[in-house]
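What follows is a group of structures, each given as structure tokens.
The two complexes that follow have chain A in common; it is paired with chain B in the first and with chain C in the second.
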Partner chain A sequence: MNQFTRRGLVQGGTALGAAAALSGPALLDWAKAWAQSAPWKPEKGAKLSMLRWKYFVQSEDDAFVKLIDAFSKATGVPVEISRESYEDVQPKASVAANTGTGPDLFWGLYSLPHLFPQKCVDVTDVADYLGKKYGGWVDSAVKYGKSGNKWIGVPICYSGALMNYRLEASKKAGFSKFPDKTDAFLEYTKAMKAQGTPGGFALGHASGDANTWVHWCLWTHGGQTVDASDKVILNSPETAKALEYAKALYGNMIAGVASWNDASNNKAFLAREIHWTNNGISIYVAAQNSAKDVAEDMDHAYFPIGPAGKPTELHLMYPTLIMTYTKFPQASKALVAFMLEADNFNPWIQSAKGYLTHCLNAYDKNPVWTADPKTTPFRDVAKRSLTAGGLGSVGEKAATAIADFVVVDMFANYCTGREDVKGAIAVAERQLKRIYR
Partner chain B sequence: MALQTQGKPTREFRDVTAWDRLKVNKNWLGLWFMLPAAAFLILFLAYPLGLGIWLSFTDARLGRGGEFIGLENYDFLRDDPIFWLSVFNTLLYTSVASIIKFAIGLYLALLLNENLPFKAIIRAIVLIPFIVPTVLSAIAFWWLFDPQFSIISWSLKKMGLITANIDFLGDVWNARWSVIFANIWRGVPFVAITLLAGLQTVSPSLYEAATIDGATSWQRFRFITYPLLTPIIAVVMTFSVLFTFTDFQLIWVMTRGGPVNSTHLMATFSYQRAIMSGYLGEGAAISTAMIPFLLAAILVSWFGLQRRKWQQGGDND
Partner chain C sequence: MRESHIALLRAASTEAKLLLIGIPVLVWTLLPIYHMFLFAISPKDSAFSGKLWPDHPTLRNFGIVFRQEHYFLHHFWEQLWNSLFIALATGALTLTIATGAAFAISRLKVKGGRTVMNLALFTYFIPAAFLAVPMYRTMGVYGLLNSQWSLIIAMVTIATPYAIWVLKQTSDNLPVELDEAAVMDGASPMQLFRLVYLPLIAPALVAIGTYAILLAWNEYLYAFLLLSKDTAITLPVALGNFLSADDSPWELLMTTGFVYALPPAAIYYAFRRYMVSGLTAGAVKS
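Let's turn to the complex of A and B:
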């Protein structure tokens, strides 16, 4: 087994990155050449401001600042960046769209442009340009980016949440490979619990961890909150099956998951209390710093596949949009295209250490996904992700249902025994009907 | 006219106008002096309150205005089991926590009123839970009640009293008692110190007289301390009930209303619906629904304070 240390990884990453990435004067030269040939010429005296979500890893923000600097130097357009916690970008963008004043660009969460599609600049030309140049967009990105026939936002990246598991305990339980089917996964959780190495999924109000696994569970059993025309179809035998399955899983989890928030499973995994859970790459990155034995003895896997027969994961997407009130639409478009050009995007996504995943197919080749095989599963999260709301629209309603924990509470209600199947579905259905009316 | 013809200008006499009266009217002047304060209250208290109530009659969403929809938000809440659960939780939380806070607070106040060694230091220590920012103490309690890392579970396990960790915040009733416990811990100093201040206004001569008359210590408490303390108790308990009823930070940090909404108070539930999910109108309706309860608490204390006799230790007749 390879010895992975953080330093080794960083060195490897930089060495590989250096081949692809430009830096210093070389980057500036390239940026200048790009600005000459790009189809978007910034307006005279253009000045841009952008509100983005706050970074998870400092190195990502550093790389981003460098990229923006290069843009400013090459085009002469100063860009002012402000950062907000990722949950707070949406309310601010809504107010800006409403009042017609604020930052020119917003970079927020999955359905942001769909909250006010008529206030977003049509960026079809940018999306087409990038798609053509970089191997096309993944399916979910197209659904998030497009409203009708035109693109209202440009998808930048995803942050994935996958299975995290301990290698040795799993082997001891008889699973040398992480189960890829739901039935096998249930057996796995049972065997893990039996030998005293249980795991767990959050069932509290954990915006990220709870929402990702309950939606996977609902969808992989064929359940859906709404159909393609946004009609509520939650009350179905498939949903009931998903609930039964979750309850069986819940029986094999460590006690206390009903109170878990987003940080709980990270803490418990790093303290060697749990041996499987769902999470982004943050547990692994933290383990490399503070619990090397855990980092060595863990890996990531896709969520198992159930009766639906295909991946049904939910990952967070981060789109950027340009407000129609901007005085500098050409400069804004140039900035968005510039961010996603290979010479900028490759080093940037590398600096995010696997937290973030691209949604343009050509970036599959980025060395960040192969330098450490344990990060490789995260390469595919954009391809495997469904969109918020499942079959339904990706707009405000889907976002509200997720923010209000409707599906999470339905699962928690049934798993903890507060409600029977019918009761749990009925409560959720009532809430959904109000959201989707 | 005759005077004028003589060319000697004199003062003209005229009737006193309303304006003249107003100029020397003390109440009129008072109104102007009061205006800054009134503007302050209207701008920062009455207007937000009115706006909140207005929003509860609209379908406003976060970031955009709403249409007037009458009582629809309230109609929806009337049949919403989670809303009624939050009302139940709030009443349970407020009543249990307030009663226990009062009992412990009064006990501590009586204790601190005695002549103890290191009195000043002990009094300062009692205040600590009140000084620590709520969010910090909430995070501390969150760790104390962690399902995996609770020091309480750990100690009990080491002592051999339990075999598995206690699921403090994951079990419905455990979670309720846990947050109530945290609230009591935080609220006791306020009650204790305020009651202590009240106790110190009671004249020692009353106790001396009672002792000479042969009163027992219970009788001294019942017939001297308690009646003289009543007005302070009314104020303290009103504040305590108001603070507890509108508590937000403790719950939000420790449970976010979970597990499955069983610790949602009306305040946290209102925030959840209004800000997290963006249903500003519905959230406003939930906050507005708190007003009758709060008014009731204020009225109780108001009438309590109005009773002069009561304040002076007489009967309530």
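Let's turn to the complex of A and C:
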């Protein structure tokens, strides 16, 4: 009955262009062939547990469960999957790392492996294997995955945060194309407000939306929180320029953005109250289900480029790591490699509908990025993303600065008039110095 | 005549002062619950309208929750059952341990009983949150992570010292002559416990049982740390997952929260008489 040879199946697995989803017996046959030829042989009696972030879309989790199931059947290694809200993975991983007990693998946010690099299994062999096979890793993924010369985590994917805007209103305001420079963007926001179709960026404690746009604004004006040696260098003329620019933007935004959380701009955009904002693809996906007119009349674009002269975006990275206390490092490595093999990863990322973007260059060819041109900009977010901390390291300190909304509060303090430029910078600088001491 | 007038004025003034304090406290307490209810009966697109009453109130959100129609709610009934099972098991185990301990210390006067009670109370010097990580480690070592028993054991550990203390104080207030009479009639310690002691401390048992059940029902930190699987977590932890996306369904979050808040309110209402009398019994020695 089996029409596939082992070699043929494994070779077929590398065929990326069509990204045809294997399913049922074909997927299992391929998985079995992969398990036989893979460099990592699971330990006898191995069983794994993995804690991952809670999915955004059901279809993504369904595809994930399917590939995990295929892995278990092919290798005989049962895998127990638990899910947490993405911000809750880190505290659990920290407790597990420090107590030496808990799930074998964690799949979390940003620089998770860098919080406890000594507790992470060296996965250089897995990263090298995947990098060689799939066109290499994007730069930011290497920075997130490596500590010194070794890989301590495997970057699975990004979740992109880009500009979302309404087409008709933009055209009416005189912008047939979304502005790609910061000066033009400021003019755009002014024109959009003048015609009664304003937009807005979150200035409240919105972990995703607020952090992504303020870091873009800071970096694109040449400002930085820290230098390459993690010395705080926030207090600079560039930071002041970024703040002035943000204040000008703020004047053109809809009222109330200072209290926005991550859900506020989604709600306002879908309610047709705002006509531009920054967000992942969730607004578009929700609009396709509940506000088709909005979905048809919207598109995505990259953040405009400012004086820095290059993209300065911050997107959400999702790396996975294996804890050193695991009794089954080989099985864990096999699982991570299996997840990112083309026959698994392609259908899986397709099922994520653009929420997730790959970190391996070869997956640019996945049809999800071309089937609907409105998702195409999300294809390149991994290539364009800078890492948390900007010039600095991607460790706990950078993660803390983001989690504590230091840069967000600096922008909010100045834009809302609570502090002047010097005062806003001074407050943020003091907080950063405490974090980076 | 004049004196009675003054007394009347004084009483009115005291009542007015109480009302001045009571009304803001009532509003302060009810406002979040009202908001939760408002979200629960609002359609998705008007959940954030800011109106005091929705234009088109609906029970649709309750239908979605009960039929588990949103992917955050696929395990709603299972998670509600987990909460219920853990709360009831915590209540039952806490009562069993605390009643036995209080009886032994207070009535049987076992040697070292007082030390045991003081040691149990000493655990309250360390905030429960500080014990969360050691508890996680312990449960990990015993392979209990992701098992409901890990949370039950943790909750019983937290609830028992206070339960022993309250029950011991209550027991101390019972006339010792009752025990002596029963012993004279030939009652064994177990009979003394079952036929004399338990009926007499019933109000305190209701109060302590309710306390332990509500403690486990409302627990978040330990539940979050010790349980991870969708099918093992309690509903409060599942509610936290609603915030994992930037298009969180707030109306469903609030509906689920509202449903979850009803059983404790009903329990407290049903046993409110015992709650006050039971928890304060023995607070002042007679």
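Here, the second predicted complex is superposed on the first by the 418 of 437 C-alpha atoms of A that agree within 3 Å, B and C clash if a C-alpha of one lies under 4 Å from a C-alpha of the other, contacts with A are read in each partner's own complex, and residues count from 1 in each chain.
FYI, a residue touches a chain if its C-beta (ideal position, glycine included) is under 8 Å from a C-beta of that chain, and two chains touch if they have at least 3 such contacts.
No experiment lies behind these values; they were computed from the predicted model shown.
Chemist: Could you tell me whether chain B and chain C fit or clash when both sit on chain A in the superposition?
Modeler: Chain B/chain C on chain A - steric clash.
Chemist: Taking the superposition on A as described, I'd like to know which of chain B and chain C A:Gly208 touches: first, second, both or neither.
Modeler: After superposition on chain A, A:Gly208 lies in contact with chain C alone.
Chemist: Kindly classify A:Val257 by the partners it touches after superposition: chain B alone (first), chain C alone (second), both, or neither?
Modeler: A:Val257: touches chain B, not chain C.
Chemist: Just chain B (first), just chain C (second), both, or neither: which does A:Phe175 touch?
Modeler: neither
Chemist: Have a look at where A:Asn279 lands relative to chain B and chain C in the superposition and call it first, second, both or neither.
Modeler: A:Asn279 contacts chain C only, not chain B.
Chemist: If you stack the two complexes on chain A, which partner ends up touching A:Val427: first (chain B), second (chain C), both, or neither?
Modeler: A:Val427 sits against chain B, while chain C stays out of touch.
Chemist: Taking the superposition on A as described, I'd like to know which of chain B and chain C A:Tyr134 touches: first, second, both or neither.
Modeler: The answer is neither, since A:Tyr134 touches no partner chain.
Chemist: Name the contact category of A:Arg418: first (chain B only), second (chain C only), both, or neither.
Modeler: In the superposed model, A:Arg418 contacts chain B only, not chain C.
Chemist: Considering only touches as defined above, state whether A:Phe345 meets chain B (first), chain C (second), both or neither.
Modeler: In the superposition, A:Phe345 touches no partner, neither chain B nor chain C.
Chemist: For A:Asn98, decide between first (touching chain B), second (touching chain C), both and neither.
Modeler: So A:Asn98 meets both chain B and chain C here.
Chemist: In the overlay, one of 81-89, 99-107, 171-179 or 297-305 from chain B clashes with chain C and the rest don't. Which one?
Modeler: After superposing on chain A, the stretch of chain B hitting chain C is 99-107.
Chemist: Based on the A-chain superposition described above, do chain B and chain C contact any of the same residues on chain A, and if so which?
Modeler: 95, 98, 267, 271
Chemist: Using the touch definition up top, name the residues of chain C that touch chain A in the complex.
Modeler: For chain C paired with chain A, touching residues are 44-45, 48, 71, 133, 136-137, 140-141, 145-146, 224-225, 228-230, 240-241, 243-248, 250.
Chemist: Which positions of chain B touch chain A when the two form their complex?
Modeler: Residues in contact with chain A: 61-65, 76, 80-82, 146-149, 164-165, 167-172, 175, 255-262, 272-273, 275-279.
Chemist: Under the touch definition given earlier, write down the residues of chain A that touch chain C in their complex.
Modeler: That would be residues 49, 51, 53-56, 58, 61, 80-88, 92, 95-96, 98-103, 206, 208-209, 262-263, 266-267, 270-271, 279-280, 282-283, 286, 290 of chain A.
Chemist: What residues on chain A touch chain B, complex-wise?
Modeler: Its residues touching chain B are 90-91, 93-95, 97-98, 115, 203-205, 254-261, 264, 267-268, 271, 273-274, 396, 400, 403-404, 409, 412-413, 416, 418, 427, 430, 434.
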